[in-house]
Each structure stands twice: as structure tokens, then as C-alpha cells.
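Okay, so chain A shows up in both of these, paired with chain B first and chain C after.
Now for the complex of A and B:
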């Protein structure tokens, strides 16, 4: 494998990681809720594609449906569960964790514990300047970049984003100025979930889908948020780059296990040195 | 409750009388249940009493078990003779865990990790350590270490299950009394103050971070003791014991039993594990689904757990659901 392909693969992983982290961070930023079921939403996205491939509908139907289904599920979860726990914010992490256990076990019961493969939807290679690269991976990078850019646009340039930032700054003040915070929470939770579902769907053809893959993305995504700083959207770009880049570079030289150990130790040291994240500002206290 | 001590005495009497009434299968089963109960109590100390939500608590349990197994099987170079006895194994497990937790706590708590952040970082540690042990051939990789020697002290081997049970029972009781002493001491009052309002405790001159690190080390040591006893009682240890699955289980036991009480979380572990032993065969994979649902419902409707009210009579005003606490939680910094 040439160095250019390695770098492209690394970039691929980083972008998907940022996508997963993005869904987490918009929910956390707005609602202070850490959605522990986020990894399982990713899983559901991947298994939607597995299901549609099995049923003969093909990859693309699943790709379209995954974010819609998972987004809907997120909305239901917010309305039924998370909303009851706003006054006990630490318990939302437990409740969403319970949800993650139920979803994961549900997947095991329906699809079995073993890994399942999805037929690659775009098998052809693209050759450019002497490097041939799978076109599907380029497609993933395009999708990830588009969604990341769209999320930035949504939160920084639209009226919805202005309202959301007002809720982040001071929910009570925002509510008294006429912003429907309830609906904003619902939309955000659903949006964050949908992004996780989309990320899962895009990754499904690249890896064997097993019920534990959600955790494998949730933990690095969470570390990326910690490393980059949760206070700004830009932080996760840096965090995702650091965590994903280091993970890929080290596992290509040594092994994935060594990479995990090093990345994790690195993350802990960064957390110790800069608790507010690489990009984060000092806490105002 | 008319006489608050009665349910707790009943629990004590039940566990004391069990080996004289039950058959050997039951005694063996309950030896492990006591170990799990001790493990749950150590999580209750961290979570219920100090508010350190630890999603990867199994890492301490598993490390304790691995250290016990490696010491008593003479797998650690330079440790043989008296240094490979059961007592040395237990001391090594407890000591290593205390040290590990002190160092880890120094990194995490000075890094101002709290609340959900801390939970997920500990979860990540647990998953990482599990992966290390799966890939470490010296400790048996995925299969772990089997035929760990039974407990023996000064030549007296606990090969009779009833003796082993009584020993584990006495140690669990000691662990309970020790933890109760910790939470009821002036030190316990300070950690309780930190749990309810860290900024206020600090303004009274208590260095919250140092106290948290100390409690973290105490909780890790007790979990390590439970792990060491597990390795000796079950005679094996595998990466499952320090990974994601075990961390999930102990959290569910403690939450269902009642995180804010030592005996309540102990009974949570015993009850859930006992039900699992009998029901998981009939329900197979559905068991996890059902227990996940029950956990979910208990988080919403019974945050105090099933035994929280029954077995504990302490500080009613500070319960999970009291408006006073939830208010400070909402306004306090989460990250």
C-alpha cells in the first residue's frame, strides 16, 4: 500500500470520526446530555444498510433510510425518555446507556452476534496521478465533508443556529425571549442521532458489521471531543484530527492495539494538561 | 420503618446461616454472589456517596483478579515462596489497585474531569485494559488464566466450600464495616459535602480533588479485594472480568439495588446475579434485553433503587430525587 493511499485512508477515518463526534457534541452542547446510545445509533445506521442489502433493496435505499430512521428514533427517545430527566441531568447518561444496552441486545437477537458484510456499492477504482483509490471511499469523504460543512452552516449562519447558540449561552433567557427550547432540544437530539445513523450507514460496506462496532466509534469520538474541547464546534475538527490521525498512523506502523494504548494515554495526558481542550478557552470561574 | 436496623439484620442472618442450611451447589454459588456484592459496594461508595460515576469500575475488579491469579500461580518473576501465598496475592491486588487509582485519579481529577466525562473516560480505560489482556499471551490472552490455586493461609487450605464461603462472608462483612466507617467518619462528611456542592466544600477550605482521589483509591482497593477473592473462588480469570461487560453489570446491580446505600447495592448485586443464574438459561439472550429495560425503568422511576428505601435510613433529605440537589446539579458546571 502506498503512502498516499495510507494518508487517504487516514483522512477517511478522521472524517467519519468527526461526523460521529459532531452528532454527540451538538446534543451535548445544547442539552448538556451525553448520549451514551450514540454508538448504538451508529450501529443502527449500519444495520439498516445490512437489512436493505439482505432484503434485496440494495445499499442506496438503506443509505437514504438510515439517517431518517435513526433520526426518528432519536426524536422518540427525546420525547419519551430524555425529556423526563432534564432535572436530573446526570441520570440521562444512565438512561441513554440503558437504551444502548437494549438496542445492542436487540441487534444481537435479530441479526446474531457475528459480523455481517455488505456488498460494496461502488466497487470501481478511481485512478488519479498514478494512485488508484476505491471510489466509494472518496464518496464517503465527500458525504462527511458535506455534512460537516452543512452542520457548521446550520449552527453559524442560520436563524436556527442563532437560536441554538442562544440556548447554549443561557437556556432560561432564551426561553423568555420566545425561543421554544423544548422544540429546539427535540430537533437537535434528532439531528445528532440522524448524523450518527448516516455515519453508520456510510461505514457499513467498509467493515464487517458486528454488534460491538458502535462502542468502537463512540469512545474515540468522545476522546476527540475531550481533546479538542467541547465548547466550540471547531474543537472537534482538531480533536478528531489528533485522535483519528494518531490512531491511523500508529496502527499502520505497529498494531491497532498499540495504537489504541498510545492514543488513549495521549488523550489522558492532554486532558490533564489542558482540561478545556486544545482549542477551548479557560473556564470563566 | 419502625426499627430501621431490622432488614439489615435479616440480611446478615440469612448470609450467616446459609452454609449450614444450603447444599454445596448453593454455597458455591453464594460465595461468588458475596464477591459480586462486595464489588457493588465499592462502586456504591464512589457513585452514591461521592458522585463519581465510574463506568469502568470492572477494571479494578479484573486487575485484582489477574494480580491474585498471577501471584498465586507464581507468574510474576521474583515472587515465590511466601511471596506467592494467597495473602501476598490479596495484598498485592489491593495495594496495586490503590496505587493505580491514586495515579489515575491524579490525572483525571486534576484534569477537572467530572460527571459524565469521568464516567466515559473510565469506561474507555476499562475497554482498553480488556483489549490489552486479550492480546497479552503471557496471561492467556482471550482464555485468561485457569486453575488458580484455592485460598490458603499458613498451610490451611480452604478447599471445603463452606469454609471458603465463611471466609468470604467475613471479609465481605469487614469490607462493609470498613466502608460504613469511611462514610460515617468526618472524612465521609467531607466527601458528602463535596458531592452535594463542590464549590461550597472548597470554599470551606477542603481540597475537593485530594479527597476525591483518596475515595477513588479506597473504592478501587475494595474492588481489587473482591477481584482477588473472585479469582481464588472461581479458580479462573478472563478478560471479561475487567472489561465492558462486567462494568455494565456492576453498574446495573448498584443502580437497581440502590446506589446510595452500601447494603442496598450489595443486595442489588446478589438479587440480579441470582435471578440471572436461574433465568438466563430459560431466557438466553432475552435476559440482557429484559435487564436493560428494567435498568432503564429504574433510572426513570426508582432512582433510589429497589432496596434503597428499605435497607438504608440515612440522610433522607439528600436523596437523589430531592429538589434541593437537582437544583444545584442543574446550575452547577457539568464539564
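Now for the complex of A and C:
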């Protein structure tokens, strides 16, 4: 593989990682909930595509439905479970972890434990600047970039985003100004989940879909947040870049195992030196 | 406008409000005074739904708001400026004001011109980061942020705290002006007697989680021993 292809693959991974991390950090930033089932939302997104392919509906139907379905599931989870546990960080971790196990086992019961392949939706190669590259991977990058940009726009430029940021900064004050914080939590949780579902759906054709694939994205996404800092959306870009970039570069030169070890060590060192993350501030106002 | 009856609320471990009875009439500015730790701030928080009410009732314009979520109490027409102002420090001045407008349908999210008549500074500095404002400027911003939501009743918690005297006087004048021009009802927790005597129509003193004494402002002007009785440490 040429270096250019390597770099593009790395970029591809980084962008999807940022997508996953973004859903996670939106939920954490707004509600202080660490959603341990986030990786399984990714998983469900991928299996939505597996299912529609199996049923003969094809990839694209699954691709459209994955974020809708997972977003709905996120809303239900928020309303019946997470809502009851606000301000109890440890309990939300346990509860959402429980949900993640249920989802994973549900997938095993329904689809079996083995890896399933999805037929590539865009098998053509594109040739540009002297290299030949799968068009689907370019499509993924496009989707990821679009969703990342749209999320930034939503949170930084729209009235919804202004309300969400007010709730993040000071939920009691936001409520005193007439903002329905409950509804804000529900919408945001659902939105964060939907992004994870979309990420899973886009990645399904590139990897073998098995019930543990969620964890493979959840852990690096989590590291990306810790490294980049959870207090701003920009932190994820940096964290995702550092973690995803290192992971990809090292696996291509050595092996994925070495990459894991190095990335974990790197994360520990960065967190040790900058506990609030690279872009993190000391405290939120 | 506001009627509080037999209100009991806990704040943390201790029972902070132990049967508060208080009423504020339409268009009046009422001062709530008393020593520290007597439950004044807790009372405002309880009215706003920010602390859990154990017993008793809060009614705004005859409608009970007891047990409603905070945002709904705000929508019922209660504006709140907390102690320490709690402006959104990392937001711009304009963004702070816009948060107060989010309750309205999109087409109505316009900052009323009067707000800038009362607080011209907020127009001049609309793009400045609110956290860089001085204490007095932040207080004006916090009041304006509550006012853009067009409340009928404004709860103010220690607006003079940590603010230089000349600005306190300015804020007092603006509040009085707003009250006279718009008929806004105000319940203000305040230790600063000068400010109170400038603006308040009536006054209530809190002691140990209850209203110990309530009277018109003239009565205090005649007999200053009332203040010493409830305010001196």
C-alpha cells in the first residue's frame, strides 16, 4: 500500500472515531452521563445494515434507518432509565453498562456470535492524483465531515445550540430562564445516539460485523475525549486526531497490538500531564 | 401577584424554611431582609422551584406553581436573578440575553428596545464576553436577561452584593424606573438599607426560616429600631 493510501485510511478512521466520540461527549457534556452503551449503539447501527442487507433491502435502506432507529432507542433509554439517575454518575455508568450487555447478548441471540459481512455498496475504485482508492471510503469521509460540521454548526450557531450550551454551563440558571432542560436532555441523548448509529452503519461494509465491534470504537473514542478534553467540542477533534492517528500509523508500521499498547501509554502520559485534556480548561464556569 | 403560604423547604440537611407566609401585591417592590442564613435566598429558590418544597404553597397571580418544574415557573411569568448573578461567563453579552428569549417562538425572539433604553451599555458591548464585565455590569446583564423573558414578577437576590456604591445607586434607579413604567412586581432580597429605602414600597424580615415581621416602608422610616432588631448581628 502506498503512503497516500495509508494516510487516507488513517484519516478515514480518525473521522469515524470523531463521530463516535462526538456522540459520547455531547451526552457527557450536557448531562454528565457516561453512556457505556454508546459502543453498542454503534453496533446496532452496523447490524441495522446487516439486517437490511439480509432482508434484501440493501445497504442504503439500512444506512438511512440506522440513525433513526438508534436515535429512537436512545430517546427511550433516556426516558425510562437515564432520567432517573441524573447526578448519580456511578449509577448511570452501571445502568448503561447493563444496557450494553443486554444489547450485545441480544445481537448474539439474533444474529449469532460470528462475524457477518455486508456487501460493499460502492465497490468501484476512484483514481486521482496517481492513486487508486475505494470510492466508498471517500463517501464515508464525506459523511463524517458533513455530520461533524453539522454538529458544530448546530451547537455553535443555532438557537438550539445556544440553549444546549446554556444548560451545559448552568442547568439551574437555564431552567430559570424558561428552558425545558428535560426536553433538552432527551433530544441531546437521542441525537448523540443517532450519530453513533450512523457511524456504525457507515463502518459496517468495511469490517466484519461481530457483537464486539462496538467496544473497538468505544474505547478509543473514550480515550480521544480524555486526551482532547471533554469541556469543548474542539477537544474531540484534537483527541480523535491524536488517538486515531497514532493507532492507525503504528498499526500499519508494526501491528495493531503494538499500536494499542502505545496508544494507551500515550493517553496515560497526556492525561497525567494535562488532566483536563489538551484543550481542556481548568474548570467550567 | 405572589402568595406564599406555610412554605416549608429543606436545603441540604437542615430545614431551611419553616412555614413562610408572604404576599407581594401587583406592581409593588417588596424587600426581603434579615441576617445571613435566615432563609432568604432559599425562599427565592423555593419559589423558583430550585429547592424541593416539603409543605405549603406558592401561587403566582392566583395560580399554584407548587411542585412545577423550574422552567415552567419561569414560563408562568417569574423572572429570577440569583445571588452572584450567574451570567454565562463564556458567552457574549448578546448571547446571554438571547438565552432569555429561547422560550418564545422563533419569530418573537427579538430583544425589546426598552431593554437597551434601560441598559444602553448592553447594546454598546453586545459582542464582549460577559465574563469580562465588572460586577455591576454583570448585574445589569443578569437583570436584563431576566427581563427579556417579559416576567410579571422579578425575584432579585442581593443585587448590590460586591458592587461599588455608585453602580448600586444606578441599578436601584433603573429598577425603580422599570417598576414605575411597566408595573413590574419585584421581590428583592437585600442587605443594603440605602438601596431598599430608595426603591421598596414594603418590607418583610426573615428570621429562622419564617417571616418575623412585615410592614410598609414608611413605618421603617419612622422607626429605625425595626431594622436594628432584625438586621444587627
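FYI, the second predicted complex is superposed on the first by the 281 of 285 C-alpha atoms of A that agree within 3 Å, B and C clash if a C-alpha of one lies under 4 Å from a C-alpha of the other, contacts with A are read in each partner's own complex, and residues count from 1 in each chain.
We take it that a contact is a pair of C-beta atoms (placed from the backbone, for glycine too) under 8 Å apart; a residue touches a chain by one contact, two chains touch by 3 or more.
Just so you know, these numbers come straight off a predicted model, no measurement behind them.
Participant: A:108 contacts which: chain B (first), chain C (second), both, neither?
Facilitator: Only chain B is touched by A:108; chain C is not.
Participant: Have a look at where A:158 lands relative to chain B and chain C in the superposition and call it first, second, both or neither.
Facilitator: Once the two structures are laid over each other on A, A:158 reaches no partner at all.
Participant: Report for A:32: first if it touches chain B alone, second if chain C alone, otherwise both or neither.
Facilitator: After superposition on chain A, A:32 lies in contact with chain B alone.
Participant: On the superposed three-chain arrangement, identify whether chain B or chain C touches more chain A residues.
Facilitator: B
Participant: On the A-aligned overlay, A:175 touches which partner chain: chain B = first, chain C = second, or both, or neither?
Facilitator: Once the two structures are laid over each other on A, A:175 reaches chain C alone.
Participant: Tell me which partner A:166 touches in the superposition: chain B (first), chain C (second), both or neither.
Facilitator: In the superposed model, A:166 contacts chain C only, not chain B.
Participant: So in the superposed three-chain picture, is A:90 touching just chain B, just chain C, both, or none of them (first/second/both/neither)?
Facilitator: A:90 sits against chain B, while chain C stays out of touch.
Participant: Where does A:2 make contact in the superposed view: on chain B (first), on chain C (second), on both, or on neither?
Facilitator: Touch status of A:2: no partner.
Participant: Starting from the residues of chain A touching chain B, keep only those that also touch chain C in the other complex, and list them.
Facilitator: Shared contact residues on chain A: 285.
Participant: Applying the document's contact rule, which stretches of chain B touch chain A when the two form their complex?
Facilitator: 51, 53, 55, 107-108, 110-113, 115-117, 119-121, 123-125, 127-128, 131-132, 135, 244, 248, 251, 255, 285-286, 288-289, 291-293, 295-296, 299-300, 303, 320-321, 326, 329-330, 333-335
Participant: Quick one: which bits of chain C touch chain A in the complex? Just the residue numbers, please.
Facilitator: My answer: residues 48-50, 69-71, 74-75, 80, 82, 86, 88-91, 95, 98-100, 102-103, 106, 109, 131, 145-146, 149.
Participant: Which stretch or stretches of chain A touch chain C in the complex?
Facilitator: 159, 162-163, 165-166, 169-170, 172-182, 285
Participant: Chain B touches which residues of chain A in the complex?
Facilitator: 32, 34, 36, 81, 84-91, 93-95, 97-99, 101-102, 105-106, 108-109, 215, 219, 222-223, 226, 230, 257, 260-261, 264, 268-269, 271-273, 275, 283, 285
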